[in-house]
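Next, two complexes with subunit A in common: one pairs it with subunit B, the other with subunit C.
Showing the complex of A and B:
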C-alpha cells in the first residue's frame, strides 16, 4: 500500500462494526486514487444507501450519497455533465443488484466511464440481516425463515451477459490486491465493475474471512486470459469450491458512452453558457 | 367575412389528419392570422376516429372555439360524430364517394359540399394524397389563397424531392378549383390576416426553447405522452447546440441523472407526465435534501394510473406540491399560455439555481400540444435572464481555510454553492440529514437548525421571486373565474363573453402555485366578487389549496374531468348554472363539449 494517502483521510471515525469488510474497501479506494495521482477534487464518489454507501462520508473527496438503488443513475448524470471528473460508484449488493438492478443492467450496456465498486456481503446489513439478491439459496434470514428460495444473482456473469467491457472481482480481506483492481477499473475507459466479496461479521457469519480465504484464488496467477470472452464466461460461473478474484474480463477499444456524444466534444457541459442571440434566433426561426 | 373561423378536420388515424391540420395552421399563421390548432386523438397509431381543429382569427386567440363553421370529413363516421356539434349553416366537405345523405344535412340547415377528393387525388397524383385534396377543397370554399398552403407543402415534402412535391401541389390545385367553382357562395370565409410574421408553436416546444435559452445543457427523460416532444426536440438540436438529451431506462433514472448533472453544475431537467412524475417522487426529496437545482416538467394527462393517455387534465397540482416523504422546499410553476411556457422554461432554471431546490413546471396535454400563434417578442432572447444564484467560484476559495461548508446556515437559507472540481470546495452531499460541511448526523440541534435553514428558502422565495395571481379584466367585476394552467385561455374568453352579455366577469390566474402566495391571493380574492374556480379535475384542487392556505372558500367550482379541453362556451354555460344556485358544476358530456366517442373499448 502507498503511504501518501492522507490526502483522502478525514478525522471522522467510520461507524462500521469492528472487522467490517468496508474498512478494507475504503482503504483500497483511497490507495488506488493516491497511486493514480488523482486528487480529492478530481474524483467524485457516488454512493447509494446501506452500510458501505456511507463510504463517501469517511473520505475527503467530492461525494454524493444518494438514494437506495440510484447511485449509477446519479453518477451517469454527473459524468455526462462533467466528464473531467473521475466518477466512482460505491454501493452494496442490495443497492446495485436488487433495487437498482434496472440501472445496473442499463449502465453496463451504456458503458459510461464509471468505476462501480459493489460491496457484496450477500446480506442486507444496515436493516439487520435480511437476504439479498446474492444470498445463497437456503440461507435462513429474518425474511427467509425457511431458507432463501431464489437462486442468487451472479453479478459478474450478469455484467458479462449485458456486454460489460470490464469485470473484476476483489476481496475486502486483500485491500492491496483490491486497490490494484480498482486502479485498473479507473483506468479502463468505460464502465468497470469491481464486485467485492465482503464479509459481514455480524449478519453473515457463514461467508467469513476464513471461508473466503479457503476458496479464493487469483486469476492473474493462473494464466487466465481476460481478453477471452469464453474464458471469462467460464471463470465467472465458478463458486463454492474455488472462487476466482482478479480481472475476469477486459475488452479494449470500445469507446465510452460520453466519448460518442457530439455534444460533449467541445468539453464538459458545466463550463458552457447558453446560446448566443444569433444562435437562438436561428432556432426560433424554424417555428415561423 | 367572418373575423373568427373554426375548421374541424376528421377521419381515421393514418389518413393524414394531423399533417393536413398542422399544414393548414401554419399556412393561416403565415398569412398573418391568429391561430389556435389542437388535435383530438387516441392512444393508437392506426385506425379509429381522430380530428384536428384549426381556429383562425383576426385577433389573438388562446383557446379553441366551438362549434366550428366547417367540417372536412374523410370518413362517413366523421360526419355522423360531428353533425350535432357544428355552427348553424356550417359547411361539410366530404369525399363524394362516401355514403352521406346530403338531403338530411340540408334539412338540418347545414351545407353539404361533396367533392370527389379521392378521384382528384388519384387523377393528379395518388390516392394517398386525398388529405391534400381535402386541404385544396377547403381553401377553395373558404377563399384562402392556395399559394400559402403550397408553400408549406413544398417545405414539408422538400426532403422527398420535386417528384413528390409536384403531384401534391397539382392535387391541391385541382381540388381547390373544383370546390371553388362548385360552391362559390359558401358563407363562412376565412378572415384576412394582417401579414405580420408570427411564430406558430405548442407549449412543449416553447418550454424547451425557454430551457435552451436559459442554458439548459442536460435533459434525461423517458418517453411518455404528452411530454415526449420535449425530449425529442432537445435530442434533435442536441448535437448542434451542445445539449445532452438522454433517453433513460425509466423515469427514476431520468430524474436521478438530471440531479447528478445538476449536482455537477450543468443546468439540468427532466420531462414526464403524471405516471413518470410518480416514479420520481423519492428523488424529488433527494434534490430537496441535497439542495441540488433541478427542473422537472410534468405535462399532465388524464389520470389516475394510465388513465386517458391522449387526453388533457389538471389533476396533479396537489400531488406536485406534496410529492415525496418529509418536508423540503420546492417551487411549483404552472404556465397558462405558450408564451408563459417559454418564460417558465427559463425562469424555472433561475429559481432552481437561486433556491437550490427542485422546481416543478406543471403543463398539460392541451397546452403542450396545441399550436398557437405568438408574437416573436414573447419568445425574445433579450427577455431571458440567466441568474445562477449564489454560485461561487470554488477556485477562489481559500484552500487553507477550515473547510468548505456547502450547507452553511444563512439568514436566507441559501448556502453559497461551489461546484465539484476545486481543491478548496471538496464536500460530500448526503441524502441523510447532515452538518454544514456535509457529514451525516442525527444530532438534535443540527437537525432543527438544518430544517429551519432549508425551509427558510421558501420564505425567501416567497418574498423575492414568487408571483401572486394575475388578474385579467376589471377589478370590480361581479364574477371572477379563478384558474391555473391552460384553463386561462378559455376562461379569459369566457369572461369576455359574459361581460359582453351584461355579466361583468374577470379572471384570476395563478402562475406560481408553490410556495403559495398567501398574501397576494388573499388580497386578490377580497375584491373578487363571486369567485368561481374553473379547473380540469374532479376535486377542485386549486380551490382546496386556496382554502387551505387562505381560509377563503370559493363561491363555486366548475369542474371537468372528461379529458377534453374547456371551450369558452362550456364555462359560460356553467357560470350561469352557478349564478342559478349550483355551487359545484360538473361538466357533463353535452352539446357544447367535444363529441363523445362512438367507439368504446378500443384505447390501449
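Showing the complex of A and C:
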C-alpha cells in the first residue's frame, strides 16, 4: 500500500462480511484518487443505502450517505453547487437500478460530470437476500422462493440506450484493473458508469469469485474499439458464458451538463459571496 | 466447466486436518486458496509453487493476472474460501430473510486458508515458502507464517 493512498485511509474497520467484494472496490476507489493526485478535500463520495453504500464511512474524503436510491440526485446537486469537486457516487445494484432506477435513466441523459460506481452483487444483501433488478432469472432468493420471474436488467446496455458517454464494467476481485477503469471514468468529462461485478459471499453463492474468474475477459486484450457504438452494443449484451470487463464505450466531445449552464460559467457557486444581509431581508420581506 | 482432478495428497491432508466431511469439500477449498494465490503471487513464485505440486494443480495457480494485484487485501483474499463455507443459518422469522453468520464463518475461513498454505509450504523448501508468504496480503501473512509450519 502506497504512502499516498494512506491519505484516504481511516482507522475504522469496515463491517462488511469477510471476503466481500466491497473491500476490493474500496481499495480501487482510494487507489484511483491517489493515482490521479486528487486530495480528500477535492473529492465527494455520495452513496445510497446498502452494504456497499457504507463505503464513504471507510475513507477519508467528503462523504454523503443519502436516502435509498437517491445518491445520483444528491450528487447532481452537489456538482452544480461546486463543479470543482470530483463527485463520485457509490451504490449497489438495488439502489442504482431498482429504487433509484428513474434517477439513473435521467442522470445518464443529463450527463453531469459524475462518476457512478455500482457495486453489482445481484442481490439486496444488507436486507438479507431479496432479489434485485440484476438477479438472474430463476434464482431462488428470500423473496423469490420459486425463482425470480423477471428477466434481469442489463445495466450497461441500458446506459448505452440512454446515451451514456462512458460505460465500463469491472470486477471487484481484480481491484488494480478496476482502479484503472475508475481513473478513466473520473477523467471523463461527463456521466461515467462503472458497473462492478461483485461476489456476495453470503446471499449470492452462485456468482462467486471462481464463477466470475471462469468467465470474465478483458476488452483491452481483444482490440475492442470503445469509440464504436455498434461494437459497444455487441459486447454489452455478452453474458453468462463470456463476460467482458473494461471500457465498453467512451464518447468524446459531449459537454457535461454543468458546462452548459450559463450561471456556472463564472465559477463554482460555492466560491461566490452569498447575498448580503440587506438583500436577504428584502427577499424575506417579499414573502411576508 | 470441467476442471482437472487435484492431487490426492494435499486434498486428503487438508480434509483430515480441517475435519471436512468429504473429499469434494476439501478439493473446493484447496482450489479456492490456490486461485486466490494466483492473484497475489508474482510469476517467479507461481513457478516455484507449481514446481512443488503435481501438474493437475497448476491451472489453479496460473488462472490469475499476468502480474500480481497489489490492491488485494486479506479480506478480499478470503472471498475465494468464503463462498465454500456455510454463511447463513436458518430463516430469521422476526425480520425476514436468512440469518447471516458471515462474521463467525470468517474465523473458520482463516483457519482453513492457514491449513492449505501450511500444506503448500510443506511441499516447498523453506526459502521458497518464505518468499511466497512475503507476497501475501498484510494481515493474512501474519496468520500463515511458514515458520509455524508443521
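The criterion applied here is as follows: the second predicted complex is superposed on the first by the 269 of 288 C-alpha atoms of A that agree within 3 Å, B and C clash if a C-alpha of one lies under 4 Å from a C-alpha of the other, contacts with A are read in each partner's own complex, and residues count from 1 in each chain.
In this text, a residue touches a chain if its C-beta (ideal position, glycine included) is under 8 Å from a C-beta of that chain, and two chains touch if they have at least 3 such contacts.
Being a predicted model, the structure only gives us computed values, none of them experimental.
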Request  = Identify whether subunit B and subunit C fit side by side or clash on subunit A in the overlaid structures.
outcome  = fit
Request  = Could you let me know whether more residues of subunit A are touched by subunit B or by subunit C?
outcome  = B
Query = Once the shared chain is lined up, is A:39 touching subunit B (first), subunit C (second), both, or neither of them?
reply = first
Query = In the superposed arrangement, which partner chain does A:214 touch: subunit B (first), subunit C (second), both, or neither?
reply = second
Key: Which of subunit B and subunit C A:114 touches, first, second, both or neither   = neither
Request  = Figure out whether A:261 sits in contact with subunit B (first) or subunit C (second), or with both, or with neither.
outcome  = first
Message = Just checking: does A:199 make contact with subunit B only, subunit C only, both, or neither of them? Give me first, second, both or neither.
response = second
Query = First (subunit B), second (subunit C), both or neither: which does A:18 touch?
reply = second
Ask   = Can A:174 be said to touch subunit B (first), subunit C (second), both, or neither?
value = second
Note = Superposition result for subunit B with subunit C: lowest C-alpha separation, Å, rounded to 18
Message = With the touch criterion stated at the top, can you tell me which subunit A residues are shared between the subunit B interface and the subunit C interface?
response = none
Note = Within their complex, subunit C touches subunit A through residues 1, 31-32, 35-36, 39, 63, 65, 69-73, 75-76, 78-83, 87-88, 91-92, 95-100, 102-103, 105-106, 109-110, 138
Ask   = Where on subunit A is subunit B touching in the complex?
value = 12, 39-42, 44-46, 49, 54, 56-57, 60-67, 70, 73-82, 84-85, 102-103, 105-106, 261-264, 266, 269-270, 272-275, 277, 279-281, 283-284, 287-288
Message = Can you tell me which positions in subunit B touch subunit A when the two form their complex?
response = 30, 197-201, 205, 209, 212-218, 220, 237-239, 241-244, 246, 248-250, 252-254, 256-266, 268, 282-283, 286, 290, 376, 379, 381-382, 384, 386, 394, 419-423, 425-432, 438-440
Remark   = As the complex stands, subunit A meets subunit C at residues 1, 14, 16-21, 23-24, 27-28, 31, 127-130, 142, 172-177, 179, 199, 201-203, 205, 208-210, 213-214
